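Shared chain: subunit A. Partners: subunit B in the first complex, subunit C in the second.
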Partner chain A sequence: MTQLPTSTDKKLGLVIDLDTCVGCHACVVSCKGWNTENYGAPLSDQNAYSGAASGTFLNRVHSYEVQPPEGQAQLIHFPKSCLHCDDAPCVTVCPTGASYKRQEDGIVLVNESSCIGCGLCAWACPYGARELDAAEGVMKKCTLCVDRIYNENLPEEDRQPACVRTCPAGARHFGDFADPDSNVSILTAERGGMDLMPELGTSPVNKYLPPRPKDTSTDIDILAPYLTPVAEDGQGFIGWLDKALSAFPGGSK
Partner chain B sequence: MPKDQPDLDLSPQVSDEVRKTTCYMCACRCGINVHMKDGKVAYIEGNKDHPVNQGVLCAKGSAGIMQHNAPSRLRAPLKRVGPRGSGEFEEISWDEALDIAAGWLEPIRNDDPKKLAFFTGRDQSQSFTSLWAQGFGTPNYAAHGGFCSVNMAAAGIYTMGGAFWEFGQPDWDNTKMFMLFGVAEDHDSNPIKMGIGKIKARGAKVIGVNPIRTGYNAVADDWVGITPGTDGLFILALVHCLMKAGRVDLDYLARYTNASVLVNEDPKSEQFGLFLRDDDGNSLVIDRRTGKLAPWNGKGVEPDLTGTYRHKGITHRPVFHQMADRYLKPEYAPEAVADRCGIPAARIRAIAADLARVAFDEAIELDRKWTDFRGVKHDKMIGRPVSMHAMRGISAHSNGFQTCRALHVLQIILGTVEVPGGMRFKPPYPKPPHAHPKPHGLAIPGGPLGGPHLGFTHGPEDLLIEEDNTPQRIDKAFSWDNPMSSHGLMHMVISNAYAGSPYKIDTLFMYMANMSWNSSMNTTGVMEMLTEHDEDGNYTIPHIIYSDAYSSEMVAYADLIFPDTTYLERHDCISLLDRPICEADAVADAIRWPVVEPDRDVRGFQTVLCQLGAKLKLPGFVNEDGSAKYEDYADYITNHMRRPGVGPLAGWRLGENATLQHGRGEPNEGQLQSYINNGGFWLEHVPEEAAYYKPWSMEYQEWAVKMGFYDSVQPYIFQLYVEPMRKFQLAAEGYGKRQPPDHLREQINRTMNPLPIWYEPIEETMVDHDEYPIHALTQRPMAMYHSWGTQNAWLRQIHGRNPLYVPTKLWEQHGFTEGDWARVSSVHGTITVPVAHQASLNQNTVWTWNAIGKRKGAWALAEDASETNEGFLLNHLIHELLPPKGDGLRWANSDPITGQAAWFDLRVKMEKVAAPDRSQPAHPPIKSPVGKGPENLEWKVGK
Partner chain C sequence: MHPAPSVIVFTTFSGLGFGLLFWLGLGMPAPTGMTAFVFFVLAYLCAVGGLLASTFHLGHPERFLKAFSQWQTSWLSREGIAAVVTLLIMALYGAGLVFLGAKWSVLGWLGALGSLVTVGTTSMIYAQMKTVPRWRHWSTPGIFVSFSLGGGALMAGQTTIALILLLVAAAFQIASWVIGDNQLANSGTTIETATGLGHIGKVRAFEPPHTGTNYLMKEFIHVVGRKHALKLRIIGAILGFAVPIAFLAVGVTHLTAFLAIASHVAGVLALRWLFFAQAEHVVGLYYGKR
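Right after this comes the complex of A and B.
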């Protein structure tokens, strides 16, 4: 069993805006690209050009339909990766100490050289956020791009997770939740950021911003004055036009 | 660091070098940083300095590395050795390949150049490929616009000098309401996502009008699940509501549109429906200052919207009168269209009211002075912060041109085009139709074509037809069948060539167009046409040359293959002469350059055209001494001059005393290196005082001339009423020298109304709605680009199969459960496919992702690939011709105005069936010229 730190200096994580995510999978593939080339073993692919291909991804986008009791069905795109929980069950379950939560920033990582690929952590994670790489036999998970966010070989503006840097809609935000004035803390406060399945007691660091209410503007009563008729037909319209135009330049002729 | 934590290298070397070029994973043309390790591509990310994507990158772009390393890449020129369609080839040398091509093409050129049909598909070098085709002398050239979105592009140009995407975009920073119609998710993909993100961050509103609620429509605050093909009717109902309430921008309409232009209203006159013009040909308005006639562009003229003019017994009324007469009619009232559109009348009114509220009550004022073309000085820029975007969804119907026109008319009456918060053009647009070329089509043996193939017709005199009305072009573009077909009709080429209508051809030469698969309607039929023999035992289409970088389905149907490079191995220019990458605030162009050299015997297609052009001694491709003018495409990009001072790239040209300058200038040998040094693109900002009102702003017009977009200032007014359409109608009514064939008179007269109308999509009028009650559509996923994604090991894990999505009503009606299959039939064909339930869908519409389904043997995929077993094409249900009318004539399944392929007019029926072993129809495998890809991948460049 592996110990979690009692507290971390920073709480780095993501805010994911479900009101804005269009489900384009940009974050999924950017993550695949960076983490194939960087931290640990490459993210391998099986049946790469045959059957139904299946490979390792650290971030996936799921889509769920919501049918409100009244009104139109909605489609919610839900990107999911490790939430870097404060009470991460994947860490405490690890028999070798390979899974750990960093004391300095709270990032949950797998030390691949200690990982025996037993898969216990993936079973323990209630979010399904870990994937055992079929080629390498080690557990892979979101690193929050730990090799980008402090990387002095990158320009400062690029020191953020690959998924955040690439997100076209700007639906992903990276920052320190321990700092109440950080971008992610402010967004979470302003937009009612939520924990994923808080009842499980994992205390996830990542937060999701809920979709705003949809399909609300069907109430013509409030808007009706904007369409008060000035005319009923072409002739009436020209009559109105004559009057309306008299207020224009040259209209006093 | 706690002692039990491992020591991590937090600053690993990211790459040896970053090479900045332009993406080609779709048509969006984002800037990319290609990270190199050991001379190989290691990682691709967006370029933060680039005007298109500003650092972000979509799933396709990030997966570019897998495209570059795809096992389906062709390796060397190929000569067919088995029967067409078998996939049996032998690899040959480039010398032999070019000899074979020249051996076919030279006699054609000397004898009858139109026997070459040269069509490029998803070509981003059309200003170059068209120049080659002009030099060859064939009238038969176009790219893929005819089966994509010509309705949108042409309606935009004819109405206001530009449409969306490459032509224009919302003023993302100022707009307060964004309305999106039927958009396909891969056009202008990153900018739209970025824009939606910006709007949402401000809490502004997004309205999505689309039968399918996915992607952008899923995040829309309001979703309007419209019935396919009725967008035009819905839009005209909005126009009705707004006009009836007087919620229109009268000042804007009077000054900047032809609402004020006088129209001849005498049904007996030969000029009926045409504009009153002065001796110089200027259309006339009534000047409110004097009450007298004045040219539209007269100095200080204040055009009137109400006054009528009677002359020689003929009444002339302003266009706006005709609009009032038409759109205030009860047939456009929300109640009259609600059922047909599938949108409650109250909802239509609410949207109209909301548009009015935002446009007029939330108007923006910028304190910026500008001067209009009549010399009037304005202190402020007034903005109507409603913006719109549309693409293929409303375009790919047989009523799409009129629908796209209607959308622009809606924008214009709200005064939201080229104003703060509205829609803005991207330089070098706006550019009205009369500033574009007219089409040229007269083939002369041994000589070049008289001018560009594609352009804009302004009346019957511009049609490309013979005396007897025979079309000059193989695709019948610019004929009476579709008089304003500005992008050609690539989808009709094979069918017409096979039928010998209007004539037989000898060689079909194509680039990047998967015509034997997802790029054709009636896919099985097209395969048969490509393999059919004539009575002498020769192929009906005798020679086929094809260029592609990959082992696509089309490769198997060609006789000679020119293997292209990947986009990371080539030179390209994304030119202002072509389809620009500019933003509303900046003019920009860009290059691709070989960030890696090819590791095989392939050549960039444009370089091959330079070489083939020289071999054939085509004008523009040889020097006076007959030697090759351009060594390769890079040479062309650097040294070609289209007009004095204007070449393919506008950045870093040479001025006097060899100083560097932008816009106009002489060729500069160091130009490509300057682009590379600058991150692969060039950009210059539009001056602030020229940022809006571009068609009318003298500040903008003068800057545009300085930059070389055009040679003299050319302000114009928006054409709510498109007079050229009326000229075609007049011909159909019997006026004029050039007369349409009798069987087309009714169609031309009915459809080519100069003010937008809605008519039922043509195939729908011919199909029994009780038997075929369901609409069927396709969409392109944001993470996949046509067929060019399926070979991609990463992207095919996101979209490796495509079910038919079925709405709740039909799902329950058919008793489907997850995992079921359905037989889906149209009047033309039948497919058997997996189904899936989707509630957020128009209740009479089914749909699937486009071009996921693959032919066995193509793209280096194994024969058990999910794309071939569970993927499918809807194309099998769609014919390029309409069902027979019993008149013995061939009627194209196209928009009768532009020839746009009417993909989305499809109606089907559906029944539940036992799951077959794979989706149907099942075509036999083709032999792969490149073998199969590896089973597993563990990709890592740096160790």
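Right after this comes the complex of A and C.
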């Protein structure tokens, strides 16, 4: 069914904290691992042991350099998986009904046995969250680990997405955005959680927390004053040593 | 976007086929017997051949029947239904002309309408994509419909109409280039809105998420072919429009009609290649590419 539900009972999704993500790619690996062994077709690799390796992933981590008008550039690691959009364009374009958004919790899924692998849903997704598996010929996307979060065979603490469970920095949070008191709603409200490409009208459920402002104080540490170089242009013994060492082959002038 | 040969062949030939069916349906011309047979075979070869080509890039073509189910939201589904219904109607209409020498006009008009709707739905598959600003514009249906009707008229031997429609098609094509070249910039979608980091400063893609390529880069980021875009635009416009228009203007014989059609098809293939190769998908922004 490619008609989107007018509203969903729950709005399950992720908060991704761009301030704390360290870019370790652990979520990428755990996502690939869990989703290769569980729900649906495995995530294949092509030419994995050659110089031209490629493969299917449901979660990838980009890194961006941001240059403010003044001061130092910042490096920001940027994990990206399906945002489980409320107005998911990937669902409505699907000709077969393989793509759907669940009424009960808002998760966007692909019924792989109905998918003809036309790729149109991946065209419609602005975020690059869908990849056609080259071995299986069906569309793969983040399932929000639907086979973990409700899985009573797993211990309670493991009933959350693999990427969230794995992240060593605590940069990914899972919860219900429909509940204003949930962890994810509170984080979003407190930290100014934002939508990606809001102008495209997809109404993503997942929110991104912007990096906190950098410390502007020039005192990096109370010990800093003691660590400044003793003499920039050495006099006396230091000056002589500097000249003598510089005279060696390879010495700096 | 990746200019997949199957999609280029599909849109070009099914466009021509349904264009020819449109004019046949209107009774322009309305041949009977063997002549009708040749016209209809040609139209079905183009239309059905194109549709078959489009299944080559599917991961699971054997499940194609499912693709007729989601007409309420999906343009691709609507296109499939429109194409099949039109082909069935026109087969009946054609059979009347070929075998009975009977012209069932109402059926023909329905088939003509169906042909128009089919080409329209094809164009909407592209024009609906908010993710490809160049396509999301009235010029996309304009190109598809005018190319189809113009090329169809050319094949149907409707000299004057073909001449006018090819001029219209050329105008749509030029408009789409002039407007399309600025569509991404005007869309307001940038690497800053894609990452939400614009409030800090200028964003630059520093390190991609993977060392090799992937589905997204192969499918959506096609930079290589774009450097010859201007040359291809000129070649496509000359072959697709200027040459056939010149032939039509000086008067057609069997030979020049054939040459005009051959040149037009070659031109449209080149222009369709560009239609895909030049289209920028916003996901490229995440990779610092377009």
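Note that the second predicted complex is superposed on the first by the 216 of 253 C-alpha atoms of A that agree within 3 Å, B and C clash if a C-alpha of one lies under 4 Å from a C-alpha of the other, contacts with A are read in each partner's own complex, and residues count from 1 in each chain.
Throughout what follows, a residue touches a chain if its C-beta (ideal position, glycine included) is under 8 Å from a C-beta of that chain, and two chains touch if they have at least 3 such contacts.
If you're wondering where the values come from, they're calculated on a predicted model, not measured in any experiment.
J.: Pick one for A:Val138: touches subunit B only (first), subunit C only (second), both, or neither.
T.: second
J.: First (subunit B), second (subunit C), both or neither: which does A:Gly55 touch?
T.: So A:Gly55 meets both subunit B and subunit C here.
J.: Would you check which partner chain A:Asp19 touches, where first means subunit B only, second means subunit C only, and both and neither mean what they say?
T.: After superposition on chain A, A:Asp19 lies in contact with subunit B alone.
J.: With both complexes superposed on chain A, which partner does A:Asp242 reach: first (subunit B), second (subunit C), both or neither?
T.: In the superposition, A:Asp242 touches subunit B alone.
J.: Quick one: is A:Thr6 in contact with subunit B, with subunit C, with both, or with neither? Answer first, second, both or neither.
T.: A:Thr6 sits against neither subunit B nor subunit C.
J.: In the overlay, answer first, second, both or neither for which of subunit B and subunit C A:Leu75 touches.
T.: both
J.: In the overlaid three-chain picture, which partner chain does A:Glu65 touch, first (subunit B) or second (subunit C), both, or neither?
T.: Once the two structures are laid over each other on A, A:Glu65 reaches both partners.
J.: Under the stated touch criterion, name the partner, subunit B or subunit C, that contacts more residues in subunit A.
T.: Partner touching more subunit A residues in the overlay: B.
J.: Go through subunit A and flag every residue that touches subunit B in one model and subunit C in the other.
T.: Of subunit A, residues 25, 28, 52-55, 57, 63, 65, 67, 73-76, 97, 114, 136, 211 contact subunit B in one complex and subunit C in the other.
J.: Report the residues of subunit C in contact with subunit A in the complex, numbered from low to high.
T.: Result: residues 1, 57-61, 63-64, 66-70, 72-77, 80, 125, 128-132, 187-189, 191, 193-197, 199-216, 219-220, 281-283, 286-287 of subunit C touch subunit A.
J.: Can you name the residues of subunit A that touch subunit C in the complex?
T.: Touch list, subunit A to subunit C: 2-3, 18, 25, 28, 52-57, 60-69, 73-76, 78, 80, 89, 91-98, 114-120, 122-128, 131-134, 136-139, 194-201, 208, 210-211.
J.: Can you check the complex and tell me which residues of subunit B touch subunit A?
T.: These residues of subunit B touch subunit A: 1-2, 4-6, 8-14, 35, 37, 42-46, 48, 53, 55-63, 65, 71, 185, 189-190, 193-194, 196-198, 200-201, 205, 213-216, 218-223, 225, 241-247, 250-251, 254, 287-289, 291, 302, 304-306, 320-321, 324-326, 328-329, 344, 346-347, 349-354, 356-357, 361, 782-783, 791, 793-798, 800-801, 808, 838-841, 860-862, 864-866, 932-942.
J.: Please name which positions on subunit A make contact with subunit B in the complex.
T.: 5, 17, 19-26, 28-30, 32-34, 36-38, 41-42, 44-55, 57, 63, 65, 67, 72-77, 97, 100, 102-104, 109, 111, 113-114, 135-136, 146-147, 150-154, 157-158, 162, 165-171, 211-212, 214-220, 223-224, 226-234, 236-238, 240-242, 244-245, 248-251, 253
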